[in-house]
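Right after this note come the structures.
In what follows, subunit A forms one complex with subunit B and a second complex with subunit C.
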Partner chain A sequence: MTGLRQVETPDWRALPTRWAEAQVRLAAVRRAVLSVLLGLAILLSLWAGALRLFDVPAFIAPGPAATFASFAENRGQLFGALGHTLTGAGIGLVIATVLALMLATGFTLSRVMSRALMPLVIGMRTVPVLAVAPLLILIFGRGQGATIVTVVIVGFFPIMVNAMRGFRSVPANVDELFHVAGARWWQVLWKARIPFALPFIFTGLRTAATSALLSAMLAEWLSGSPGIGRLIYDAYSYRDMPLMFAAVALSMATAFALFAATSRLERNLTE
Partner chain B sequence: MDRDRLTALASAVWPPAATFAALLAMLEIASGAGWLPITVPPPSAVIAEFGTSGADLLYHVWPSILATVAGFAISALVAAGFAAVGASWRRAGGPVFTLGVLVDSTPLIAVAPILVAFIGGGMTLHVVVAAVACFFSILMGMMKGFRAVDRNSDELFHVLAASRWQRLVKLALPSALPFVFAGFKIAAPLAVLGTLIAEWMGAERGVGIMMIYAMFSFDPPQVWMTIVAVCLMAIGGYSLFAVAERAFLGWADRDEGRL
Partner chain C sequence: MGGIELRGATKRFALPDRELTALDSIDMTIPEGAFAALIGPSGCGKSTLLRMIADVLQPTEGQIAVAGQPPKAARLSHRIGFVFQAATLLPWRTVRENVRLPLEIAGVTPRRSPEALIDLVGLHGFEDARPAQLSGGMQQRVAIARALVLEPSVLLMDEPFGALDEITRQRMNVELLRIWKESGTTAVLVTHSISEAVFMADTVHVLSANPGRLAGSVEIDLPRPRSLGQMKLPAFNALENAVRDLLFLDDRPAEQAPRRPKVAAVGS
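Presenting the complex of A and B:
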């Protein structure tokens, strides 16, 4: 009855060590890699099987082997073109982000500006912005410039709208606390609005990053700037189907990688 | 009450309308003073272009509208099938969603040449690309909608011994519709964009090919006119669903259905 009560203490030897944690993480990575490889294998065998089954001639659609051979042969050209496209898309995204954040800040600070311009910005979202690509090529010429401006215009809206939602998501309590403490508008902006808006801004960035690649490729397709979009079109006009499929596969892989990387970044930064 | 709403609407509408008018006026003045490059014509020239080549525009816009509507309808049917499978069979939900993400993150411009290789150019291609372009938004709306059944109402229907049919018509459909409409509203402009991209690759008739010809023959007012026409098409599709939503779902809290 009066015996000492045993206190349950965790045995430190049973706690997971760094080594064990690393093992668990490694296993997760291995599982992810395995599932991706399995998906790829299924996709490739479906591709080859469908070609065999429907007896598609090689000048319409090459099999995985021919595509891979072309990929290995032209990898310098392929990665050069991809680099050109990614440079344009990257510069465009940076400009779009800066512009969008500046305008969103202006809108949260000034009611007049927000009431006059915000409905127009919302209205622009219902319009397919990419449709102006031919116009941009007309204005900015057939080089990297038109690509960059296309990416800016397409990427601007998701970032800006999400940033606005983020700036407005500051809880009323926090707002009042800042007011009571006599904070200046820039203190409110820097210490409350921007931290609360970060998850929203990253959501916008993810949307913008995935559409940036598409819009850059589209602009090149129309303008003839030497990126991967142009490479696909050229390979198609020369009926070099293995090269075209290799370029398509590379651009799709890049798009998936971008999507995965930005979603991962968003998760890591917002949790 | 009604007048209050009208004045509220008016006070919300006039600032952006005034800004828009001011922007147009500034463009007009700047171009009159010769400050703008030749690629940016004054708004009056674009309006005049509507008058001179309006018949051509109608000739080209009609097949584009047809392709967009057909693509949208096919996409909606296919998405409804996938969403129904995903909703009624829990384990299929994950793979259906993954399929949607895959379709969505594939650059449309990269798939289009492959589609051309298989189905050739022409109207079929335009319809298929339009369908692919708007698939993901429709699928997302429907999948979210089918899962949106309120738990309490579900139990009430169970307690009242509702039949499967009654559940579908009186519970599942009404709670899904706000989400479905939200998806449709996002998808309509995307379908227009899909048609446009497909037409850029080649077409006999279509607003996209008219735009490309105008670009290559360096006719800025005509490029601007086709762009305005495409924007009107997209806005038309969006407002169609917005009006239908308001007519059918006046009772629903419209914030609820936001994706």
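Presenting the complex of A and C:
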């Protein structure tokens, strides 16, 4: 009897439920984890295979098993060193971002400021960090100071250049719209320039975040500040190859995670 | 006083090698509550004229008064609404938030809520939609609501429906007349369509190019409210021809040149 009164209405049961949406999201996470695991498996078998094929002695390059054993044994020391490096890189990155956004804002608003400071900024960029690092260590000491300043010098440039491109990407009509409504410069900045520039700023931030880790490690290498960069150098000096490989693997994984995290943040903020 | 007065308004741009006179000594009076159309060939400075009224550009010589004030004072007291050819909506804001934008900038509470204006432009139910979810015509309706939210004395429109198709455009024109009547503002419409200018305006001001000069004005005495049916009337055609004559004043010798016997050639 139920078949008699069939009305053609959209079935609410056809709409995606919270459960179904959660399932979809879970499947996406599962796919991501699987692809990372697959990539890791390929990397490890290439590593082990190459050592076997070229008959590399273990005191030059350890295999995955020895590296993992050293990793498990020294994980306290490794993560401690990584924490030290990430703190320096993180502080440096925050300072670099603030500085870059301030300079980009200033350069966009004032032609005089742009003309006066831009050559200085570009000049600073062209000097290799490796060349000025000893000087920075002399000035800022052998602790986190030199690390932070190195990260700032390397990191602020891509953020600033991209932020400036973003600030200038505002269409002319939007500027006129704000002008006709009687907007002040800070209203234009806050309600139009920064939102329009966000995707650009994140492009710069992503570049800066990965190079921040690298430059922090470089600074530690030269200054002796006890981070993962120093740990790699020390392990190499003591010919503790498994520890050195474990430290290198950990810093690579961290760089990858940083890149993924900034990409994710960008997608969440700009969509 | 909500009208617009131009006295000898001139705009010259300095180019690297010479000086370009975009507009030469324009005199124009647009009474309060009237609908004026500006028409002319591209490069005649009609957009420049509109931007001088809105205080986006400053005249090199001459005076402009908007609602009895200099353009800058009128702009800062929120007497001016502007609609661009592109809707120019902020893509991360909803329809409601886009319409609210001028209120946030001015920091005032309107007599009429943004929601009421969204209703007025016929977008009831789309308050929380994003611009990307709307058609071009709907986006332009949002732009009109946004221009009216501060209750301006003058509404300036720079080819607002130029990017729309003919059908949507005619429908939007009828809508715009209703909105204009309802809001009571003085309207200035820049267009390059003769029939649109005649259909919408009380007065059509015709500009000529190089340099931009006022070639003449045509009073449109068709009764209001206007309807699309009026476009078929002989009186409408006569007014269109009057505008056309002013537009092609300089081209007349060319038009009177003997025509080639094109039809005969095709027929044989």
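Here is the rule we use: the second predicted complex is superposed on the first by the 248 of 271 C-alpha atoms of A that agree within 3 Å, B and C clash if a C-alpha of one lies under 4 Å from a C-alpha of the other, contacts with A are read in each partner's own complex, and residues count from 1 in each chain.
Here is the rule we use: a contact is a pair of C-beta atoms (placed from the backbone, for glycine too) under 8 Å apart; a residue touches a chain by one contact, two chains touch by 3 or more.
On a predicted model such as this, the values are computed, not experimentally measured, just so you know.
S.K.: Aligned on subunit A, subunit B and subunit C: do they clash or fit?
M.R.: In the superposition, subunit B and subunit C stay clear of each other.
S.K.: Scan A:195 for contacts with subunit B and subunit C and give back first, second, both or neither.
M.R.: The answer is second: A:195 touches subunit C but not subunit B.
S.K.: Applying the document's definition of touch, where does A:98 land relative to subunit B and subunit C: first, second, both, or neither?
M.R.: neither
S.K.: Subunit B or subunit C: which reaches more residues on subunit A?
M.R.: When the residues of subunit A touched by each partner are counted, B comes out ahead.
S.K.: According to the stated criteria, A:187 is in contact with first (subunit B), second (subunit C), both, or neither; which is it?
M.R.: After superposing on A, A:187 lies in contact with subunit C but is clear of subunit B.
S.K.: Could you tell me if A:178 is touching subunit B, subunit C, both of them or neither one (first, second, both, neither)?
M.R.: After superposing on A, A:178 lies in contact with subunit C but is clear of subunit B.
S.K.: After lining up the shared chain so the two structures overlap, which partner does A:65 touch, if you call subunit B first and subunit C second: first, second, both or neither?
M.R.: neither
S.K.: How many degrees apart are subunit B and subunit C as seen from subunit A, counting from C-alpha centres and rounding to the nearest 10?
M.R.: Computed from the C-alpha centres, it is 90 degrees.
S.K.: Of the partners subunit B and subunit C, which touch A:34 in the superposed model: first, second, both, neither?
M.R.: A:34 contacts neither subunit B nor subunit C.
S.K.: After the superposition on A, what does A:256 contact: first (subunit B), second (subunit C), both or neither?
M.R.: first
S.K.: I want to verify one number: the closest Cα approach of subunit B to subunit C after the superposition, in Å.
M.R.: 8
S.K.: Where on subunit A is subunit C touching in the complex?
M.R.: Spelled out, the residues of subunit A in touch with subunit C are 171, 173-174, 176-183, 187, 191-192, 195.
S.K.: Residue numbers of subunit C touching subunit A in their complex, please.
M.R.: Residues 51, 54-56, 75-76, 78, 80-82, 84, 86, 88, 90, 92, 101-102, 104-106, 150.
S.K.: Which of the residues in subunit B end up touching subunit A in this complex?
M.R.: 12-13, 15-16, 18-20, 37, 39-40, 101-102, 105-111, 113-114, 116-118, 185, 189-190, 192-193, 196-197, 200, 211-212, 214-215, 218, 220, 223-224, 227, 230-231, 234-235, 238
S.K.: List the residues on subunit A that touch subunit B in their complex, please.
M.R.: 60-61, 112, 115-120, 123, 126-128, 130-132, 134-135, 137-139, 210, 213-214, 217-218, 221-222, 229, 232-233, 236, 241, 244-245, 247-248, 251-252, 255-256, 258-259
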